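Look for chain A in each of the two complexes below; its partner is chain B in the first and chain C in the second.
So, the complex of A and B:
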């Protein structure tokens, strides 16, 4: 027979029924803050200080080269509002970010549900579907640039199966190019979302599903009432990652279309690059970067608040 | 980026720095040791500077050149960062004129380049080249080669189609129609890479704008002329006429530079409108092919045709070079007949100085003739006041080709950027 820790002691020998001393408990729960000091110093030195110093240039007319430049206040931000390229780039960025977030996660969830079933080749399928996510984005972008060229494999395939009318100048037509970029990114990262959803799905206890099935719940009902609430944390992670990635999008766009034709696929990031390195407008470009940072911070904070409330409601 | 740093070099450099520090000053250290033997160099002449470095090292026993090469985009970022942080190499690639982030005016204005006016070759430069190698009357750029823009034909494809290169505007359109009828469009156009969009335009502007008015740039600078109110509109109209006539393959906006080379090299088109530098690349894709450079006509009078021909990127000396003497020695080697011929032969261009004893490649005979007859103008952007004018034109041309903009609108935008000045 096992005894609870103090059960065998006479009453008078029991320690008083109080909490352990707070100092000791807190020490166990959280290591002293100065443990993080070396990392904090390094972070401050390499990331924080340069970033804050960099922000200063957003209020100057620095060209990236000339040591003499002047403080121009909010001029760069005012120019941005008047700059049709910047306004258009912000619109594209938000459109791309939202489309990617929706399509990539919907597809990722479907794939996860698929490969979570008991089919024989599911492990092989998981590997195949996840494979694009481990390739460097720039490589996949160059690959797709060739596949999507007017004489490329995609158009040849469409021709071969009799869908001549669907053939497009995928990257050269302003109406289509933006969606081609979205398509390539979804192709690459749907597998990534899938893996996170898969981890969520596998944490759903079988017994709960079985109990629901015995109670007469069909597959749709089981997904909605049992699986979905338990997937909430995976959904939060996926949505956060894809919206932040979508807003910051640079390399795939730059390699696929260079922001073109014209400015039809420019995002804030490609515009930052062009303004800084092609036009030598560093001050303006850093102002754009500051705006990008603010957009990322606001969108991800808002999203986090909404999603974590949903998560609590679901659990 | 290709980097070549022999493993012993860091040690040598460190030792050198320590010695210099011990002797109480970097200058003293250098001269005390009979001059440092290491030159640092950053270059955009990928594939050709390697040979020049080898020849320079051979001509100067004991000297080591530590160099990096990179593409233009990457180089322009790198050199700006290095210059503003004081870590730039002794010698660096510098573009002629103005209008790009690594150009002579842009780097000389804040004082990053050493004045090279006292070097022996500076006075020998032809005027057209001098104008873009100088800033405020002083020479800063050792420009060793020049290039032209025109039609480069695939001889085998021409013979197969039974056509000959046109030398009037009327014949050009006839040539395009005939070529299209035979199923091989006249020219490959790789407008997905936006810098390519300007080449046909420049080739046409040379004749339509500068044929009647060699002082057009001076008028622009004085505010007496605009793009929108000049024959720039004629040239743009001809560009679009070529497109409508079927001079180019389908979907030029989905075709990149690399793909356009493939089309011309393998005879899927009869040629390509490009700089003469494309000849070496076409030969790389089809070693058996013969490619010839011809002017692109824009009027019906062949004697009025003018070719855009301009100085290519040259070399400048860092105003704060750690090894001034060796830097000057290298630049002078580049400008010597030996260095210059090595460079232009490998790049498929023409030397910038006369009397170098250079045997012109047969594919460039026509370009060489235009240059000696003074029937050339510099690339238009080299004398524009800021890089924005060109960028507006490049994306504007893509927008015109995809019906997002109109020629009038683009030319007006270019005028606005031009007026904004430097």
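So, the complex of A and C:
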């Protein structure tokens, strides 16, 4: 290794008779590699090795129990293309992920702008609006299952305010159920997006805003030209979190509809669970998990590229 | 901060309306949880003769005490392990500039993208072979590894922004690297440790898929699985179910309202990187 000449400079400050032992110099540059070992062993045991084994099982007909199983090549994936339930689940997964991402972040941004303003109740509202995000999703899903039932609170409320025409079986009707699931998730996590946007908003210096106001920029113009570029990092995080969370969605669908009515709300995750543990089609179910992984990887890589370009353009 | 104008008042009212909208389900939850089964009026009309019977019944019949204990055990052990191994691992991964360090870090970050469904199905078999299925230790082991990528990511981001002068001084003064980590680096990591603690606790406490798989059929449930079992068993008795739901969210909400400032900052700040 060659050292740049100025790396010797600090030595000039030392008394000339004290020569630092070279070992110390190396130690200060590098904490030992084995510090990473415990975390790596756990990570390899729990995530890496099982994931690699999972990819292998995706090409077999293993039922999860029988030690004798055979390699079936791409059969599982070919079956998937012919399986209307699987195709539908993939479509639902993408539809849910995109809708959640758009609606949750739009609402989150509006709420963040609201609680970042001069209103008196802003601190209380921040705490209150974020609260649903810390509650166990399976619990909020059961709560909503009752609220959205035909004689539940949502229909009662609609009746009470004279919107009887809007009453319906929110989770029992195939056309509506998927959107009810989206609504419940947005209800739970809009506050989550809000908090991240709020953190971004608070990094916008007040002086810049005031200068723009003095220059005659209205609130919309100020938001678009001053706030929006500075919100880019918060937007990146929010979009990544909500779309990946939406793609992996399991708990809420399981508790709200169990994938029904029929298969109207099945996602890749609920189908993986059903195929593996109620049908014993372990190999097929893992093949679905591989497809899920590919979707997550492609979406997050694409999103990362687009958003990091936007962030650079905005800064 | 600008002056309080009529427009601000309108905004204030709109925001309060939004908050009431968000709070409406919680009102119904509590309203039905304190309602005797004989009362069949509309779920939105206030309960006339509230009772606490549902709570004691749900507590006993759902064995929620045991589930609460299991959830606490699993969460505390997993979070302790994850924070310890991840902070230790982040130190060389953030500081060493060699190729192995960069490669290892990227490998760990890959774990952020892999959906847990992919790993947890094959791991199910390993856990069964190890005889860990149906015990909380399977979950502790699972979360200890699963949460490593995210936690290492938080720590490395934070460490890279910290000056290294203190560590260098400690090492020159004769500390071993481990002593330097323990007495110099770890104290400086405190803000991000609080964030990582909160985020991991919420994620592990709330998880449902893995305990559903690994604990199915055993008496040792975590809270989300116990609640799912309870709902399945008392399908039609929603007053009882709602009482169980209230019991299960009370600890979470209590902790949240006590620590809300650092939790909200942790969520925002930790994710900001």
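Everything that follows uses one rule, which is that the second predicted complex is superposed on the first by the 278 of 315 C-alpha atoms of A that agree within 3 Å, B and C clash if a C-alpha of one lies under 4 Å from a C-alpha of the other, contacts with A are read in each partner's own complex, and residues count from 1 in each chain.
Here, contacts are C-beta pairs under 8 Å (C-beta built on N, C-alpha and C of every residue); 3 or more make two chains touch, one makes a residue touch a chain.
Here the structure is a predicted model, which means the values were calculated and not measured.
J.: Taking the superposition on A as described, I'd like to know which of chain B and chain C A:38 touches: first, second, both or neither.
T.: The answer is second: A:38 touches chain C but not chain B.
J.: After superposition on the shared chain, which partner residues are touched by A:80: those of chain B (first), chain C (second), both, or neither?
T.: After superposition on chain A, A:80 lies in contact with neither partner.
J.: Quick one: is A:64 in contact with chain B, with chain C, with both, or with neither? Answer first, second, both or neither.
T.: A:64 contacts both chain B and chain C.
J.: So in the superposed three-chain picture, is A:261 touching just chain B, just chain C, both, or none of them (first/second/both/neither)?
T.: A:261 contacts chain B only, not chain C.
J.: Between chain B and chain C, pick out the one touching the greater number of residues of chain A.
T.: Touching more of chain A: C.
J.: In the overlay, answer first, second, both or neither for which of chain B and chain C A:278 touches.
T.: first
J.: Based on the superposed arrangement, let me know which partner A:185 touches: chain B (first), chain C (second), both, or neither?
T.: neither
J.: Applying the touch criterion given at the start, work out whether A:51 contacts chain B, chain C, both or neither, answering first, second, both or neither.
T.: second
J.: Tell me the contact category for A:291 with respect to chain B and chain C: first, second, both or neither.
T.: neither
J.: Which chain A residues contact chain B in one complex and chain C in the other?
T.: 64, 151, 277
J.: Please name which positions on chain A make contact with chain B in the complex.
T.: Those in contact with chain B are residues 64-68, 145, 148-151, 169-174, 257-264, 274, 277-280.
J.: For a test of understanding, state which residues of chain C touch chain A in their complex under the given definition.
T.: Chain C residues touching chain A: 1-4, 8, 11-12, 14-16, 18-19, 22-25, 28-29, 32, 42-44, 81, 84-86, 88-89, 91-93, 95-96, 98, 100-101, 104, 107-108, 111, 113-126, 141-142, 144-146, 148-149, 152, 167-168, 171-172, 177, 180-181, 202, 205-206, 208-209, 212-213, 216, 223-224, 227-228, 231, 238, 241-242, 245, 248-249, 252-253, 256-257, 260, 263-265, 267-269, 271-273.
J.: Which residues of chain A touch chain C once you look at their complex with the stated criterion?
T.: On the chain A side, the touching residues are 24, 27-33, 35-40, 42-48, 50-51, 53-55, 57, 64, 111, 114-115, 117-122, 125-140, 142-144, 146-147, 151-153, 156-157, 160, 187, 190-192, 195-196, 198-200, 233-234, 237, 241, 244, 247-248, 250-251, 254-255, 269, 272-273, 276-277, 282, 285-286, 289-290, 292-293, 296-297, 300.
J.: Quick check: in the complex, which residue numbers of chain B touch chain A?
T.: Going by the criterion above, the answer is residues 73, 76-77, 80, 83-84, 101, 106-107, 109-110, 112, 191-194, 250-256, 259, 386-388, 391, 395-396, 398-399, 401-405.
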